[in-house]
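Got some structures for you, see below.
After this come two complexes, each holding chain A, first together with chain B and then together with chain C.
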Partner chain A sequence: MAELSYRKYEAPSGEFWLWFLQRVTGLLLIALVLLHGWFNHFAQIDAFEAGLQDEPVVFSVVADRLTRVGFIALDLALLTLVLFHGLNGVRTVLLEWRPAARRRRAVTRSLIGIGVAAWVVTFIALVVLIL
Partner chain B sequence: MLQRVSGLLLAGYLFFHLGVINLSLAGAETFDTVTKWVQHPVFTVLDNLLIALVLYHAINGVRVMLLETGFGLRRQASMFWISIAATAGIAAYMLYLNIPLIFR
Partner chain C sequence: MKQITLQILRTGYGGEDDRSRWERFDVPVPTGRSTVLDALIWARRHTDPTLAFRNACRVGMCGTCGVRVDGRETLACRTYLQPSETSGSDAPEIRIEPLRILPIVQDLITDRAPLHAAIDRLPGVSRDDEPASTGTQATDPDAAARDCILCGLCVSACSVAGLNPGFLGPAALVRASVALDARGGPEAAGVLDAVGGSDGATGCHTLFECTAVCPRGVAPTVAIQRLKRRVVKRQLGRLLRTSSRTGG
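And then the complex of A and B:
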C-alpha cells in the first residue's frame, strides 16, 4: 500500500500576500483611477468652457467636491491603495537585483517609511481641503 | 519589462502629483497659482501621455493576470497587440475630450 506523502503545512509567506495584494489593489485601482480622472478632470471641462471656473482644478471646486462623503472616501481609498501598489511595485523591481538580506530589509523599511510619511502628509492636506 | 518601466514612471509621477495637491497646506492662493501653472496646455498634452501610460499599465496588468491564470497562453502576441490597440484607442478619445483645454 502506498504511503500517504506527508508534507509539513506551510502558511502562505509574506511575499505571497504582497504578490496577491498587488493584483487585488491593481484591479481596484482601475476603477478608482477612472472615477478620479473622470470627476476631477473630465467632468470639469464643461464648467471651464462655460466660464464658470478658471481651470478644471481650482481650490474652491476641489473643496466643494470634498464636502461629500463619497468623494472623501474615494480619495482616501485611492491614496492608500495607490501608495501601497506603487511602492510595492518599486520594491519588486528593486529586489529583482537580488540584494543581500540586510539590504532587502533596508529597502522594505525605507519604502514603508516613505509610504507612511506620504500618506500622513497627504491626509493632512486633504483635511485642509475638506474643512 | 514595459510594465516595470511604466510602473516606475507612474510611481515617480505619483509623488509629483501628491506634492502639488499637498500645496493646499500652503493655502488656497498658492494652490491655485501652482495648479493653474500645471494646467497650461503644454501640461494638458503631457497629461495625455500620462493617461496613455496609466491605460497601458492597467490593460497590460490585466493581460499579465490572465496569463498567470493560464488564460490565452497560446495567444500571447495577439493579446499584447490588443492591449496596445485598446490603450491607443481610449487615449485618443481622452485627447479628443481635452481639446478645449489645449486650444483655449
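And then the complex of A and C:
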C-alpha cells in the first residue's frame, strides 16, 4: 500500500465560501424577489379595486413605502444579494475560460470593483429618492 | 458477410506533419455479438499492424479499452457493432477517437498518469487501497462507487475537466468519497479540505455526463453531491467552532 500523507493538498477555503454563498444568496433571492414583486405589483390591487386609487400602482404609495426602514432594508438586501449573486456567477463562468482563469485575481478584483461601484451608485439613487 | 467501416483518429506518428488524421478501415462483422474491440483487433491483424489501442480483459472489468465511439465515451469491448449487408461506401460507419483530456500516447492509447495524479493529490487517498468490489451496482451508491475501475471514461466526458485542467475529476472524487466512507478523523478532514474548492467537488456543475458514460454503474455525480454535503458540514462546523472560540 502506498504511504499516506495527510497534508498534500488543500483547496483554498475562499473558493468554498463563494460557492456556498452563491447557493444561499440564490435561495434568499427567491424569497426577496417574490416579496419585491408582491409589494410592487399586487399589494395595491385591493385599493385599486375598491376605487381608492386611479391606477394599480401609484408612485406616491411607492415613495411612501421608501420612508419605512423595513422596506429600505428589503431593497438594500435585494440590491446586495443581486449584485453578489450575479457577479459571483459571472466570475464562475469567466474562470472557466482559460485566458480569464490565468488572470483570476484581476478578474475577481474587477468584479468586486464593478459590484461596489454599482452598489454605491444605487445606494445614492435610493437616498436621493428618499430625501 | 456483413461489414462496417471504422473511421479511426490516428495520432502520434511524428514527422513534419504530426497532426491527427482520420483513417478508414473496412471490417467484416461475423456475428451479431461482435464488438468495437473485435473490429479493432481485426483491423490491426489484417489491415495495419501499427494501429495502436489498449485492451486486456475483454469483458468490461479492467477499463483499459476506453475510447470515444461516435462522440460518446465507452469501453470498446462492451460496445456492439450494428453492421449491414451493404459494403464499401454504403457500409455503416462509426468514428472511433481516443478519450479526451488525457494526453494521447498513440492512436487510441491515452496516458492515464493525470488520472492517477489527481488521486495522488488527495491526502490519505490511494489508488492501491481501494476496498474490494462488492459486485453491487446502482442501487446502493456507496457500494457502486467501490466498483470504479479507473477507466477514465468519466473524466473524458466531464465538461468541467475539459475547461479546468486543475479539476480533480469524477474518478478522483469518487475515490475521495469511498475513502471518506472507510475512514474518519484527521484523514477524513484532510480529504474534505482537499475537495472543498473549485478544483474539487464544488467545481462540479452536476451535468451527469460522468454518470451517463460509466460502464460500471457508478454514479460519480451522486458521490460528488454527497462530498459537497460533507464539505458544507465541515466548513460550517469549523466556522461555528472558530466563532465560539473567538466569542469565548
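Quick note on the criterion: the second predicted complex is superposed on the first by the 97 of 131 C-alpha atoms of A that agree within 3 Å, B and C clash if a C-alpha of one lies under 4 Å from a C-alpha of the other, contacts with A are read in each partner's own complex, and residues count from 1 in each chain.
Note that in this section contacts are C-beta pairs under 8 Å (C-beta built on N, C-alpha and C of every residue); 3 or more make two chains touch, one makes a residue touch a chain.
Computed from a predicted model, the values in this text were never measured in an experiment.
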Chain B versus chain C as contact partner of A:G26, first or second or both or neither: first
First, second, both or neither for A:F16, with chain B first and chain C second: second
First (chain B), second (chain C), both or neither touched by A:L129: first
Partner chain in contact with A:G37 - chain B first, chain C second, else both or neither: first
Which partner, chain B or chain C, touches more chain A residues: B
Touching partner for A:G113 - first (chain B), second (chain C), both, neither: neither
First (chain B), second (chain C), both or neither touched by A:G89: first
First (chain B), second (chain C), both or neither touched by A:V58: first
First, second, both or neither for A:P99, with chain B first and chain C second: neither
Residues of chain A at both interfaces, chain B in one complex, chain C in the other: none
Complex interface listing, chain B residues touching chain A: 4, 7-8, 10-11, 14-15, 18, 21-25, 28, 31-32, 35-36, 39, 47, 51, 54, 58, 61-62, 65, 94, 97-98, 100-101
Interface residues, chain A side, partner chain C - complex: 1-2, 4-13, 15-17, 19-20, 92, 95-98, 101
Footprint of chain B on chain A - complex, ascending: 23, 26-27, 29-30, 33, 37, 41-42, 45, 48-49, 54-60, 62-63, 82-83, 86-87, 89-90, 93, 118, 121-122, 124-126, 128-129
Chain A partner contacts - residues on chain C that touch it in the complex: 120-124, 126-129, 160, 163-164, 186-187, 190, 193-200, 202, 231-232, 235
